Amino acid sequence: MLHYIGKRLLQLIPVLLGMTFIVFMIIRAIPGDPAQVILGQLASKEAIEALRGKLGLDNPWYTQYFDYLIGLFKGDLGESMRTVQPVADEIWPYLAATFELALFAIIIAVIIGVNAGIISAWFQNSWFDYLAMVIALIGVSMPIFWLGLLEQWFFGIELQWLPTSGREEVRNPVSAVTNLYVLDTIINGRFDQLGQVLKHLVLPGIALATIPMAIIARMTRSSMLEVMRADFVRTARAKGQKMFWVVYKHALKNAIIPVLTVIGLQTGLLLGGAILTETIFSWPGIGRYIYEAIQFRDYPVIQSGILVVAFIFVMINLLVDILYGLIDPRIKYD
Amino acid sequence: MTESKLILEVKNLQTSFFTDDGVIPSVDNVDFHVREGEILGIVGESGCGKSVTSLSIMGLVPSPPGKITNGQILFRGKDLTKLSEREMRNVRGNDIAMIFQEPMTSLNPLFTIGNQLIEAITLHKKDWSRKQAKARAIEMMKLVGLPRAEELIKEYPHQLSGGMRQRVMIAMALVCDPQLLIADEPTTALDVTIQAQILKLMRELNERLNTAVILITHDLGVVAETCERVVVMYAGKVVEEGLVETIFNNPQHPYTKGLIASVPDMRYKKQRLYSIQGNVPKPGTVKEGCRFAARCESVFGRCTEENPPLYETSEGHKTRCFLYDEKEILVNDKTAATS
Amino acid sequence: MVPNSTIKTVAVKEKSTGPWLDAWRSFRKNKVALVGAGIVLFFVFLAIFGPLLAPQGINEQSIKDHRLLPPSSEFWFGTDDFGRDIFSRIIHGARISLGVGFFSVIGSVIVGSILGIIAGYYGKWVDMIISRVFDIMLAFPSILLAIAVVSVLGPSLRNALIAIAIINVPNFGRLIRSKVLSIKEEEYITSAKAIGMKDMRILFSHILPNSMAPVIVAGSLAIASAIIEAAALGFLGLGAQAPAPEWGKMLADARVVLRNAPWAMIFPGLAIMLTVLGFNLMGDGLRDALDPRMKN
Amino acid sequence: MTKPLLQVEGLKKYFPIHKGLLGKQTGFVKAVDDVSFYVNEGETLGIVGESGCGKSTTGRMLMRLLEPTEGKVTFEGKELTNLSSSNMRKVRREIQMVFQDPYASLNPRHNVEKILTEPLIVHNIGDAKSRRKKVYDFLEIVGLSSYHAKRYPHQFSGGQRQRIGIARALMTNPKLIIADEPVSALDVSIQAQVLNLMQDLQKELKLTYIFIAHDLGVVRHISDRVGVMYLGRMAELATSESLYADPLHPYTKALLSAVPVPDPEYKREQIILEGDIPSPSNPPTGCTFHTRCPFKMDACTTIVPKLEEVKPGHFVACHLYNELAQH
Amino acid sequence: ACSSDDTSSEQPKKEDEGTTEKETSSTGNKVLIFGRGGDSVSLDPIAVTDGESFKVTQNVFETLLNFGEQDTTIHEGLATKWEPSEDGLTYTFTLREGVKFHDGTDFNAEAVVKNFERWASGSEDKFPYYASMFGGFKDDEGHVIESVTADGDYTVVFKLKRAQAPFLKNIAMSPFGIASPTAFESAGEKFGDSPVGTGPFKFVEWKRNDSITIEKFADYWADGLPKLDKIIFRSIPDNSARLNALLTGEIDLADGVNPADGKTVEGDSNLQLFERPSMNVGYLGLTTTRPPFDNVKVRQAINYAIDKQSIIDAFFEGRAEIAKNPMPPSISGYNEDIPGYEYDPAKAKALLAEAGFADGFEMELWAMPVPRPYMPDGTKVAEVIQKNLEDIGVKAKIVSYEWATYLEKARNGEADAFMLGWTGDNGDADNFIYVLLDQDNIGSNNYTYYSNEDLHKILIEAQTEVDEDKRNELYKQAQEIIYKDAPWVPLAHSTPLLAGKADLTGFLPHPTGSDKLTNVDFK
């Protein structure tokens, strides 16, 4: 098993290297000069040249690339051109913010999606099935930024139930330990804050959860339908097992593997793909961090930011693969 | 042969599937019975309704689209079709157990053998401890001739060969001492030498535990070697029923005759096999008359117009064919079944 | 002697068929899918004839007289902050959204198919490289990739289309590759080899047509997501440029006046949702019709 | 004695087992291990054996649908194993194959006419018109009607599909047909139809068959000679009379006694083998059957028995007969 | 020794802070949450150029001189007196006494000198504003400041190489907030993360892209000030979302309110609307080197063609003034007498015909992709302009790029016509006209590539002219030249809006965009 993980990690290297290369080439193809952006409209040509020199931007691209790579191998993600902070130091709070949101969203999505899928499959062609699947379809058909705006409008402005921006009650700020605020409030023993933090998670969480929830529900349903026809399900029933356990024990465990893949993929996608939600809900997340870095041509942040997101994405997929092995004894890792 | 008590009576059973193409009675007016301790064979070609019949008995017809639309299934006098799902659960695995055709897919691949066996036990022996259940599981595994039972219990189905899996299935079926075991093509997926092992095991268990068995197969050889009585099905109907010897030596229904004649015999070489022309009709396509009429060599006018009833041609030997009408032994279906 | 010529094959009257025709029949039975196809057709109709049907053009400003009017009998969906008829703009916008969805997917299908077939058929290191590139692209957060691509090319509808096509390439590539790999193992491929068929012919006459069904399904679903992606890019200002009535851009433009004129945001959003829903419903129906495994 | 149409010598197929993601090769599945036999023109050679013993692999290697690891296949004096792939394709006109699963072996998106025309196109036989005619002729020959030509595989019953498969194999007027379990998927009553058809065609078109099956009754019925395979090796090879009347190899004996006979009165001493078939990736040493053999001797665990002619035309690979011969 | 002292004294201090925080939170403490559009880049004011950084540093740091509460007149700051010499080459500042930095060190002449030394020995990439306001660094030829010396504890003398008219205004700009020398010496590059100034508020915490917290500096020199206990700056990038947050009470004050929302705020009794005095210009630049805009008639025609009033009505919601000059009227030197180009499509057409474009022509119209205070919705304005141009037969294709690309391409002269704007830094005419339209700044902020030798002479002269009236006269002339040459279509001087809770008092938005929150309080 460890051996397998090691091997998979080794295999990651070319993918991530390829990734750095592609990102590197793309961002350098984007017109716009970081030095210019940093120095603003006022800057003179000389100033820009000077800064370019300092940032190493006047080296040939391959030198820049290899410098970056060498840094990477030393565990150095580079330094933001704009804030002059090491990306490695700067990135965590953003990542944590998105991670918390994505996790929250995916938990909602999994709990509701998986159960809706199961019940739909169990009572195939019932009104619940139709309703759940129509809702799921509408869910995947909704532009989330639109949903986010409607949510803000309705729950935030009209009903005033839930906060529409940020991660915390600013008047009562969470003192960050891990930057995962839910965890932090618990560590700090501030359960009053926990409630607030959770409240802040609700609206962006729902906006973000909608699509994965719908996808998971549909996937679970079709996977369950397939499994429910399997012989071993009939065997379980023939033993006299209750339908509930047949479904939730025998069928679910078998149906969950393709669902897990989807969950893994979606979690990974949420991490990098939450830009719009993060913008609408003013969530200080990694997506916006990178998006802004693109706007400011902050090359090291773009490069390392995308690299970190991609790394997490592949790690989640690795985790999913390992989970397969735990669920399915037929899968052997060696 | 001593007359023993009836354990199961299937009367007039009709199970239909409600599909997009209409209602298809896949099992139509099926009557048969099983006596205590006997092995009843049900033979017939693919799609003739063998599995649906057995699933009907277990109350496991996939629904929707399937449904028992008529008839009774009396298990020790109790009509199973009238039981609630809850009551039915107590019957399943406890009174009537079932094993399926595919040993490869009938076990849940993600749970250990032990887990699945123990589940079968604790479902019905609520007061048993896990330890007791485990002991019982091991005992049953030994009974069906599985080696290294103590270790096997921790293994997963994919680590076992087909034959071993089928033995596990049998052990699982017998774990609560059912009175009736339904085996739906239990050896079809196995190799001949392994099939021989399993059939031998089933015969032995039947003798030792006196469990009644319904053995469903399409292999006439298996029936001939294993069963006492046999029911021949064709396109959802029982076409002939009788003792094994009678059926093989004196088949009456043209389909049974053709079937027996078309099997190549390993013992001698026929120049040319007998073959029944045509195909089995698609279920639901034959509305009027005998379902075999289109393929029958002895077909005559009445066959395509009327539905032949079962004629009892001699004690316990029944045939659904107008050819035996002349012999004036028309028996009412119902009286035949209850006798 | 003709053996067994006595067999009377009962000539049951059968409808003319073919795999596609059968699929159509089973599709036709699926009411939900039909609703989806209906919605799609409706929008396709709008896309084609919209300019003729719309009461107004896309840029008939009337800032002084008709600014931000609520829905009324004259302006069904109200007007925007230029005093333009939102209803007319949505009708015109159908062409943009469907166009982006359709052409970007066509682009990804073509590129993805070529790469997927090459990878699946030639295997070995070619497969290795192509698959790794797909891995890389998939690990890339797609919206960021799209943003980056548009940033490189400059924001415009065409470039948004290209960006969306690019991010979808690995999906189709992988799909086709896995399909090619699995079909390669089918018995009818062996039987084609057994009659002495050449590899290229097998590829084009057997493997490709048989891998198309999932591509069609995935394609119709991908159109749905491409429409949303285009809207998202439009929303970020990276898609169609003014005064094009792209729905996402209309949404973005309407944000500013959300409080005074919610209709300016509700209707374009609904249009997106409905179109996407149509494609999703249709795609689902197609999957059921084309993928025999989904049949009960 | 007629000249063999096909001669197989020392045929082997070892499938490498790759483990792990880096694909390190960790061993072999010895699917076929040193098999030799010949087929005479006009005869039917049956090959039986239990699942996974290498029957299909053997069949496929004869046509080089699988490349043999080792060994020689000679067809009409040509050594097939040396041919270039384009020459091999030409030979495939002479050797055709009928597959077990009549559904899977027909392209679901092609109609019958297309399926049947394809071999003609591939081998450039005739023009469009003559091809069409030939298709309709062969449809008749295998007992289908011309109106079936426009239909698709899923609209046929299993037996009919197998007829299409057979018709396709016949399109190029082959000499040899390798039938890999052509009736295993069919019901008894349909199986009889197809077997009869194949026999009739053989007589009429002077075909040679290699008939692979696991049903001993079927093999007996159709074959002139029968080879019994066990774990990639040929255990016994003899004329079908000799084999069924007097099986020599303990495995053949057990096999024959295990087959259920549809006759309740037929009583015999059954030899029920213990245990399971070993895995071909880790076959037993010596005689691969020794793990289940009731007559196991010391030599069996170490020495691989050779297939030797014990009686005229009756070959067996078993140390019991080696010793007998020596004594 | 000093540093070890520092650390030892800091430890208990932090604990103190902890306890005081808890105390204040139990007693009703006054916290203002200020929602704004983006995060700061750095809190070292000299190192940055972005308004969002200055919004914070303006309250942490103080400059020697201050601007007026709502204008750019000069007032006392850390210096209580300032005396220029006759020739304008020497300035003597008298410093306020009893002022302390947040780290407890004293503010004195020494500190001022150290700050200027630090800046002057920097480089353009480090301290960009210093370079552009004072003409470069220590060794540069253009460097205006010859020396900064302490004369006793509370007097600082500036010697200039040449007269600089807006010198005092420059000194008052946010970037030149005086920092604690001990702090920036020990923090080095990291100073921007933990700024130490003398301002009414001291830095507490920075959650990147989310919030910056500053709290009342107990030892602030002015008694009773500041009134607030704490300010939290929150970045909420989207204007609508920010107003939402205000409506839901998550923030107390929102910067950058959409003009369209102005009425909503005014109609809400819980809220009040603030107007930031205008010190900006939004314009449509016509690249004078690209045909047909190299033809002055064409440029004038475009000027006549655009209906500015409609634009202002619709997309500034009337909260702007039609622009006729490149700088807003609030800046001295503004030329009232310029008539401006009124909306007159017929005249425009005639001019086009004169220029030989009777049938119009095709052009690209670049629209700003981001909202800016001077141009709340660039693309929409562009759509109106497009429509106006269509009316005179000019086919304009709206083009947009991402902001950074947009600026670079426009700067390279790749645009036919582009929308842009400017917010003044120090309220000086030079900061508009010279910066935006002088030939020296081609390739920099003169995006239109407009050059006019006469204008150049006037502007250079004005830079060193110390006499205010003479100087104003020069700028009026300059505006006339520009009016005739029409390198721009000046569109509007907008009044950026802010919204706050109704019980907020003492908030006076500053035209530069950096607001001092010292007097803000809750009722």
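Here the chain labels run A, B, C, D and E in written order, and each chain numbers its own residues starting at 1.
Criterion: contacts are C-beta pairs under 8 Å (C-beta built on N, C-alpha and C of every residue); 3 or more make two chains touch, one makes a residue touch a chain.
Worth saying up front: this structure is predicted, and the values here are computed from it rather than measured.
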item	value
Number of hops, subunit A to subunit E, where each hop joins two touching chains	1
Furthest chain, CA centroid comparison against subunit D	E
Geometric centre distance via CA averages, subunit E-subunit B, whole Å	89
Inter-centroid spacing, subunit D versus subunit C (mean Cα positions, whole Å)	48
Subunit B: positions in contact with at least two other chains	275, 277
Subunit C residues counted as touching two or more neighbouring chains	4, 7, 9, 151, 154, 255, 258, 296
Residues of subunit E touching at least two other chains	238, 240, 401-402, 405
Complex interface listing, subunit B residues touching subunit D	45-46, 161, 163-164, 191-197, 199-200, 218-226, 244-245, 248-249, 258-260, 262-267, 269-270, 272-277, 279-280
Subunit C-touching residues of subunit A, taken from the complex the two chains share	14-15, 18-19, 22-23, 26-27, 29-31, 134, 137-138, 140-143, 145-146, 149-150, 153, 222, 225-226, 268-269, 271-273, 275-276, 287, 290-291, 294, 306, 309-310, 313-314
Touching residues (chain side subunit C, partner subunit D) in the complex	1-5, 7, 9, 11, 14, 16-19, 22, 186-188, 190-198, 201, 205-206, 209-210
In the complex, subunit C residues that touch subunit A	32, 132-133, 135-136, 139-144, 147-149, 151-152, 154, 224, 228, 231-232, 235-236, 248, 251, 255, 258, 262, 265, 269, 272-274, 276-277, 280-281, 284, 293-294, 296
Residues of subunit E defined as touching subunit C within the complex	238-240, 243, 258, 260-261, 263-264, 310, 313-315, 367, 369, 376-377, 379-380, 382-384, 386-387, 397-402, 405
